[in-house]
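Working notes, beginning with the structure itself.
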Amino acid sequence: MHLAYPAVLSALLFSTGLYGVLARRNAILVLMSVELMLNAVNLNLVAFDVWLSRTTRETLHSGQALTLFTIAIAAAEIGIGLAIVLAVHRNRGTADIDKLRDTAEPNGPDEATLTEDEKAEATA
Amino acid sequence: MIDINESVMQFLLAFLVVGPLIGAVAALLPAPPGLKGKSPEQAVLRHGVTVTGAVLIAAIVLALGFDHRHPSKMQATTDISWIPALDVRIHLGVDGISLPLLVLSALLTFLCALYSSFKLPAGPSPKAFVALLLVLESGTLATFAVLDLLLFFLAFEMVLIPMYFLIARWGGEQRTRAAWKFILYTLLGSVVMLLGLLLIGIKAGTFDILALATDNGSGLTTSVQVTAALAIGIGLAVKTPMWPLHSWLPDAHTAAPTVGSVLLAGVLLKMGTYGFVRILLPVTPDGFRTFAPYLGAFAVVGIIYGSLACLALARHGAKGDLKRLIAYSSVGHMGFVLLGISTMTPTGVNGALFANIAHGLITGLLFFLVGALKDRTGTTDLDTLADRTGAALYGRAPRLGGLVAFAAVASLGLPGLAGFWGEMLTLFGAFDPADDLNRPAFLTYTAIAAFGTLLTAAYMLVVVRRVCMGAAPQPDAPQLADVQTYELAAWTPLVVLTVVAGLWPKILLGLTDPAVQQLLPGGPR
Amino acid sequence: MSSVAQSAAQSVVQSVDWLAIAPPTVAALVGLAVLVADLFIGDNRKALLGWISVAGLAASALLLLPLLDGDRSTFCLTGSTDVCSYTADRFTLVIQFLVLGGALLAALLSVTALKDADRGLPEGEYWFLLLSSAAGAALLPASRDLATLIVALEVASLPAFALVGIRHGDRKSSEAALKFFLSSVTATAVSLMGISFVYASTGTLHLTEIADRIQHVDPQLHTLTQAGVVLTLIGFAFKTAAVPFHFWVPDTYVGAPLPIAAYLSVVGKAVGFSGLILVTVVAFPSYADVWGPALAALAALTMTVGNVGALRQQATRAYSAVRLLAWSSVGQAGYLLVPIAAAAYSDDAQKSIGSTVAYALMYAAVNLGAFAVAALVARTKPLNRVSDYRGLYATRPLAALVLGFFLLCLAGLPPGIIGLFAKVTVFSAAVDAGLGWLAVIMAFNVVIALYYYLQWTALLFRAPEGAEEHHRAPAPLTAAIALTAVLGVVLSGAPQLVLRFAGTGLF
Amino acid sequence: MTTTTLAVLVPLLPFLGAAAGLLLGRTAPGFVRPLAVLPPLTALVLAVVVAVRQGGDRAVDAATELTPTGSVPVELALHIDGFAALVAVLVALVATCVQIYSTGYLRDDPRYPSYAALVSLFTSAMLLVVYSGDLMVLLVGWEIMGICSYFLVGHYWETPEARAASLKAFLVTKLGDVPFLIGLFALATDAGSFRITKILGTVASGGLDHPTLVALLLLAGVAGKSAQFPLHTWLPDAMAGPTPVSALIHAATMVAAGVYFIARLLPVFAASSAALVVLAVMAAVTMAGSALAALAQDDIKRVLAYSTIGQLGYMTGALAVGDRGAAVFHLLTHGAFKALLFLAAGVIIHASGTNSLAAMSRMGNLRARIPDAYWTMTVALLALAAIPPFSGFFSKESALGAAEHVVTGHAEGIPGAAGWIVLVAGLVSALLTAAYATRLWVLAFRGRGADAPDHGRQPIAMTAVLWVLAVPSLALGGLAYGRLPDWFDGHDLTPTLTTSVLGTGMALVGGLVTYGAWRQTTALAARVPLGAVAAHPDADGGLVEAEAIATHTPAYGDMAGAPDPADPGRLLLGPLHRHAAVGFHLDALYTTLFVRPVQAGATLVRFLDREVVDTYVRGAGAVPRLLGSAVRRAQTGNVQTYVSALLAGTVVLVVAVLLVAAGA
C-alpha cells in the first residue's frame, strides 16, 4: 500500500479532531476530538515507520516506540482531562466551554461587578 | 600640588564612588550613626551632610594630589576584573577632563545636602531623601570616574531611580507626570546608547575606554563607527539635552524640588556632554566626523530655540514659570557645549568642558536662588511675582536681589565670570573647525550662536528687570526675609568659584587642554 | 553459559548510569513515597509530607554536584554508543539546577499555602503532583531524543494541569485548569505532528542523528521537513508562552493557587525554552534559516505584547497583582527567546544560548522572590490587588525593599544590577548576531516595562491608607523570600556566577 | 618700582576698591566714601607717573600667559604707548572728579555704597581696556564696562525710564559686541595671537586676508560702544541714570573706548580704503544727525548726550582720515569739557529742581543762585563750540586740518572722498554745535520770570570739582604746541589757517543766528506758562534728578521734546523739529526691524514646543497604551478563541517560514 493513503487519512483525522476542538461546546466532546488528533499522529507515526523500515532498512522502529508512548500519554491526559471537566461541572453545573469567562480580563472597573460568591470567597 | 602616593589616590577615588553608597545604606538604618540632632530627622540630615562633606574633602584631596604637570595621563587608576563573561572590568581613573567634573559634582551635592539640612523640601521621610541623594551622588561620581563602557552605562542608569523618586516624592505640582517623562525618556536614550556601546565593545573586542581611545577607532570599520556614533549620540543627546530631544527637561525642572533641580542641572546634564568627550570623540572619530555638522546644526538651533522660549516665558502676561525659564536656558547653554564638541578642535572641546563646569556652577546658583524666592513668596510664576512694575527685590531683599543679578549676569556670559570663557572658546572653535569639517557651515553656526548670546542677555536682563527692579516697594508690601546664614553658606562657594574661574581660567583650561590635545585624533599622541 | 547469557543480556539490556539519572529519579521516587505515606499519616501531621517533599527536592538538587566533573550520558544505542537518550552535560546540569531550585522555592511557598488552607487542599496529592512535575521538568533538559523530550514535556505538564485545578469548589481554579489543559494538549498534538514529519524525513528520533541526516533529505520531503521543524517548535514555544500561544497565561495564573502560578512562571518556562534550545540548536542547526527568523519574530512579538499587556493593568482590579506578574512573565519570555533567535545568525551558537541560560537563572530567582512576597501579602489581603501593596514599606519595610529590588531587577535598572547585566548579555547576543531591529524593539520594551515595574515599586513606598495590623510572617515563606533576596544580592555583587554561562560553550 | 608694576597697579587699585566696597558696603558704612575716592586718586597719580616715564618714546610691553585655549593662548599683556598713557590720565582724572562729586550729589542715597563700588569697577575696567595689550583681555574690560553702565543707568530703578534705558543700553552695546567678537577671532586666527603688537606686525606684513570684512566687524562693535550712527540710540535714553554716571561713562570714558580701540588698531582699518570711506560716512552722518537732534531736545542732559555723539563723530572722522593724533587729542579735550558740562548740568538740575530747558527759561537769574556752575559751564560751552582760545578749538581744528591735509592730496593711502566727507560734515556740524551750545546757554541762564528758588550754596564737593575740570577745558589747547605731539607719534597738531578761519566763522554764525532767534521767541515765554518743579527741592541731587526724570514725560508729553513755542530751536528747525526731537524715529524703526520679529519668534517657539515637540512625545506615550488595551481586549476568556489563535498562529508561522525559506 502506498504511503500516501495513511498520511492523507491521518491528515483528515487531524483536521476532524481540530474542528471538534474548535467547534464543539461540550467539554467532553472537546476532549474526544483532542484524542482524535493524538490518534491521527499515532497513525502517521506507524505509517512512516513501516514505510521507513521497508525503504531504508531502519531496524530500530523508533516510530512505533513513540506511538506507544503517545498512547500512554493520551490515556493519562484523558484521565486528568475528565477529572478537570468533572470539577468544572460540579462547580458550575454545566460543562459548556463558552460559559467559562470568570478569569477573563474585565473591561470596566470591576469593583461593582464582583459576583457575590467571589466576595464571599474573598472574605473567607 | 602635594604628592600623595598612588595607593592612597586609588583609595580616594574608590572611596569617592563607593563612600556615598555605604552612606546611603547607613542612612536607612534606624539609628544612623554620627551626629545626634534634636530629632531623628535632624540626625539623618546631619548624617547626609557629614557623608557628602567627607566625599567633598576626598575629592579636594584627590584634586590636590593630582599631578598637574601632565593631566593627560590617567591617574589614581584601579583595574579589577568584575565580570569576565562580559569582559567588564572595574576600571576607575581620573584625568584632566574628569577631575573638574568630579570636584563639581561632589561640591554641588554637599551644598545641596547642607541646604536641605536646614530647609528640607516638603515630602515624606527625610531618611529616604538622604539615602536617595547619596545614591545619586555615587552614580554621578561613578559616571565621571569609570573607564569601562558598560560600567559607564551602569553609572549612567544608576542616577535614574533616585532622581525619579526625588522628583515624584518631593516635587511641586504635576510632579508624577514630569517624573515619568524624565525617567522613561532618559531610559530610552540610555538603552539606545547601550546598543551603540555593545556594538563598539563587540566589534573592537574590549569595553575598556582607555584602550579604545589609544587606538582611536582604528579597530572599527567606518560603518560600525557611524552606527555606533549615531546610537551613542542619540542616547547622550537625550541626556544633554540636545534640541529636539529636550522636552523632558522643562517639565522635570518645574516639578523638581530646589535640590533636585540643582543636581539635575548642575550634574546630570554634564554626564551627557562628558560622554560625548570621553567616548564618542576618541573612540569613533570617523563616525563622529560624519555627524559633527548635524550635531552643530542641532546645537545652534538649540541655542536659539532655548533663548526664544525663555523670551516667550519672560514676557508680561505669558504666565511663565521661572524654573521652566531656567530649564530652557540650560537647553541654550548646553547648545553651546554641543557646538564646542561638534567642532572637533582642541579649542572647541576645551570651551565645551569649561562651559560645562561654568553652567553647573551658575545654573546651580540660579536654581538655589529661585528656590529661595519660592520659599519666600510661595510662587515662581513670573507674572504673580512681578505684578505690574516688578517685584523690586533690590529694595525688599537687597542681598538676594544682588545675588539674582549676579547669577543672571554670569549666566549671560559676562567676561570676567565663568560663563564667558566657555562660550568664547566654543565660538572660537566653531570659527576655525577641524580641517575636514566644512568651514562655511561652521561659520554660519558661529554667527548664529553669537547672536544667541545676545538673546540670552535679553531674556536674562528682562528677568532681572521684572524680578529685581520695580516701583518703590510700598511700606505695606509683605516683608521679604533677606539671605539667611545657611543660604549664604550654601551659595558663597558657587559665587566665589564663578568669579575665580572667570578671572583665572587657567585653573580649568590648564587641566583640560593637555588631556583634550591627546584625546582628539589630530592632537599630539 | 551464564557469562555468555549475561553478555548476551548485557548486549540487549542497556547499561544504565544510575548516578547520571539520579536527580529526576530521586524526585519521582520521593513523590511516590509521599503519595503512599499520605495514606498512613493522620490529618494533624500532614505538614510532615511537605517537609519530606522539600527534603526530597533538596536531595535531588544536591545530587547534581557529583555530576559536575564531566559529561555523562546513558540509555545509549547499543550500536553506536555516542547516540544516547539521556546526557548530563553542563547545559543539563544548569537547567536541572534551575528547575529543582525553582521547585524547591515553590514547595516552600506551598508549605505555607497548604497550612493556611488547613485541609482545604489535599496535601498528599498536591505534593505528589508537584514532585512528579519537577521530575519531568528535570528529565527534559537531559533528553537527547524526541520521544524522551515529548514524554518529559508531558510529565512536566500533566501534573501542572491537576495542580492548577486542585482547589475543590473554586470556579476559577477549575476553569483555569480546563483552559490550560485544552491549550496545552492541542499544542502537544501539533508538536507531535511536527515530530512525525521530522521522523518521516530523517528516519530517526535521536537529536544528533537528526542533525546529520536532515542535511541530505531527498528533495520531495524538503517542504515536509521544514513544516515539521516549525511544528515541533510550537509545543515548546507554547510552554514558554510565546505570543500566539500566550493567551492561557493570565487566566491560568489567576485561577491557580499562588505557589503553582510561581512554579509555572519559572519551571514551566524553563521546560519550554530548554526544549526549544535542544530542538533548535542540537537537532536542526542546519535549518537555522528556518527557525531563526521564526523565533526572532516570536521574540519581538512576545516582548511587546507581554509588556504592553502589563501596562494596562488597573491597580484596583481584583487579582491585578498576579495578572501583572503573569503579563510580566510573558514579557520576560520574549527576552529569553532573543538569544535563541540570535543563535541562528551568530557563528558561535552555544555562546548566545548561554545568554538565555544566564538570563533564565536571574529571572527564576527574582520572579520567585516576587511571587514569594506576593504570597506573603496575599495572606492578609486575599484579593491580590496591586493597590493592596500601597504603603507596604510602613508595615513590612524589609519585604517592601526586597520586592522593590526584585521588580527593578526584572526591569533591569541599577539597584537590580544582576537584572541589568543579564539584559546586557541578551542585548549583546542580539547585537553580536546582527539583529539590530530586534535589539531596538527590546530597547523600547525595556522602557515600557519600566513603567509598570516602577509604578508598582513607587506604590510600595507611598503613605499607607488604612491602619495595618502586623502579624508574623510564617517561617517557610520568610525562608523563601530570604533565599531569593540573598541570591539576588549576591548575584548583583558578583554577576559572574551566573553570567559565566554566557561566556563559555554549554554542550 | 618699575613702570610695569606701576602700570599694573593703575587698573588694580580701583578693582580692589570696588571689591572691598561691594563686600562690606552694608556692614561698615563708615569708610565707604574714602574707599570710593582714594583708589581712583592714587590711580590718577600713578597714571601720571607712568605717562611721564613713558614720555611718548618706546611703548611699555609686558605679558604673562593668562590661559592656554587649545589654539591661540590668551595673555595678560600690557602695551602702553603715548596714547594709552594720556588717555589713562584722562580716565583717572575724570573718575576721581566724579567720585568726589558723587559724595556730594548722592549724599543720603541708601544705595551709595553699591553705586560707588560699581563706579570704581567701571574705572578699573576702562583702565584695563586702555592699558591692555591683549585683545581678549581688552574684550573682558570692554564688556565689564558695558555691565557697569547697565547697573549704573539702572540706579534709579524705581523710575520706569531707568528700567527701560538700562536694558536698552546693554542690549544695543551687546548687539555691537557680537560682530566685534567675531572680528577679534578673525584677527587672532590670521595673526596667531591676540597680542596687539603681533597683530600690527601681521597687518604690516600684509598677513590679514580680508581686511575690509574684519574692519567692518570691528566697526560694528565700536559703533555700539561709542554710540555711532547705526547703534547710537541707547545713549540719549541712558541719561535716565545719575548725572555723575553720565559724566564719567557716557561722556568721557566708555563712549571714548571705541574711538581709542580704532586708534590703537588704525593700521587694520587703514589696510582697506573701503573701510575708511565707510568710517567717514558713518562719522559724517553721526555728526550732522546728532547736532540736529541736540537742537530739538528739551531735557538738558539729552542735549549733552546728542552733543557727545556728535563730538565722537568728529573723532571717528579724524580716524577716517588716518590721523589718530588729532582723534585722541580731541578725545582728551572733549573728555574734560564734556564731563564738566554734565557735572554742571547736575548742579543746575539740583538748583532749579527740573531738567527741562523750557522750565529753566521761565526762571529768573538762575545764574545768581549757582555762580560756579554758571562760569564753568560757560567756559565748557565755549570749548564745545570751538571758540579760539579754548581747548575745543585746537582739537577740533586739528581734526579738520587732518581732513584738509587729505583733501589737498598730501596723505598717501587715504581716499580723497573720505577727506571731503569729513571736512564738509565737520564744518556743517561746527555751525550746528555752536547753535545748540548757545541755545542751551541762553535758555538755562538767560531765563525771565519768577526768581529761581534759593536752596543755599551747593555742596563744596560738587563746586570744587567743576573748577578742577575747568582748567583742562581752558589750558589743554596750549599743549597742542608744546609736548603733546611727541606723545602722539610726532604729527603736527597745530591748527592750519584755512580750516581754523572757516571753522571759527561757521561757529560764530551758528551762535549769532541762535541768539537772534532767541531774542524773538523769548517774548512768547511769558504768555505760555510751562514747567514743573521736583517735589523735594532740598533733598540731595540724586533724588531731585530722579523725580525730574520721572516727571518729565507726564509734564511735557514725552521724554525728549517739550511743546514750548519760546524755544529758538523750534524756530530754527521748523518742520524738522518734531522729527529731530525723537531722534528721527530710529527707535521706532529698530523696534519694527528687530524687536518685533524676535518676539514673534518667541511666540512661535512657545507654540512649537507645546504643540509639535510635545505632541510627538505624548504620542509616543499613547501608542503602547493603545496596544495594551487591544491586547487586554483579546483576553476574552473563551478557551476556543485561545486555541484557534494558537492554531492560526501555527499556520501563519509555517506558511511564513516556508515562504521565507523558499524565497531566500
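Letters A, B, C and D name the chains as they come in the text, with residue numbers starting at 1 for each one.
By our rule, a residue touches a chain if its C-beta (ideal position, glycine included) is under 8 Å from a C-beta of that chain, and two chains touch if they have at least 3 such contacts.
To keep track of the chains, here are their UniProt names: A = NADH-quinone oxidoreductase subunit K; C = NADH-quinone oxidoreductase subunit N; D = NADH dehydrogenase.
Please read all numbers here as calculations on a predicted model, not as lab measurements.
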* Structure fact -> The larger set of C-beta contacts, choosing between B-D and B-C, lies at B-D
* Which chain wins if you rank chains by how close their C-alpha centre is to the centre of all protein C-alpha atoms? -> B
* Structure fact -> Chain centres from averaged Cα atoms put chain B and chain C apart, in whole Å, by 45
* Asked: What whole-number Å value describes the gap between the mean CA coordinates of chain B and chain D (NADH dehydrogenase)?
  -> 37
* What is the distance in Å between the mean C-alpha positions of chain A and chain D (NADH dehydrogenase)? -> 94
* Asked: Using the average of all C-alpha atoms in each chain as its centre, how far is it in Å between chain C and chain D (NADH dehydrogenase)?
  -> 80
* Junction residues of chain A, two or more chains touched -> 21, 97, 100, 102-105
* Structure fact -> By the touch definition above, chain B meets two or more other chains at residues 184
* Structure fact -> Residue numbers in chain D (NADH dehydrogenase) touching two or more further chains are 632, 635, 637, 639, 643, 647
* Structure fact -> Chain pairs that touch, by label, are A-C, A-D, B-C, B-D, C-D
* Over in the complex, which chain C residues touch chain D (NADH dehydrogenase)? Could you list them? => 178-179, 182-183, 186-187, 190, 223, 226-227, 229-231, 234, 238, 243-245, 247-248, 250-251, 289-291, 293-294, 297-298, 304-305, 307-312, 448, 451
* Contact residues on chain D (NADH dehydrogenase) for chain A in the complex? -> 632-633, 635-640, 643-644, 647
* Flag every residue of chain D (NADH dehydrogenase) that touches chain C in the complex, lowest number first. => 624-625, 627-629, 631-632, 634-635, 637, 639, 641-643, 645-650, 652-654, 656-658, 660-661, 664
* Show which residues of chain C lie in contact with chain A when the two form their complex. => 77, 145-147, 150-151, 154, 158, 161-162, 165, 168-179, 181-182, 185-186, 188-189, 192-193, 195-196, 199-200, 203-206, 250-252, 254-255, 314, 316-318, 323, 382-383
* Would you pull the chain C residues touching chain B in the complex into a rising list? => 354, 358, 408, 413-415, 417, 420-421, 424-425, 427-428, 431-432, 436, 439-440, 443-444, 446-447, 450-451, 454, 458, 461, 463, 494-496, 499-504
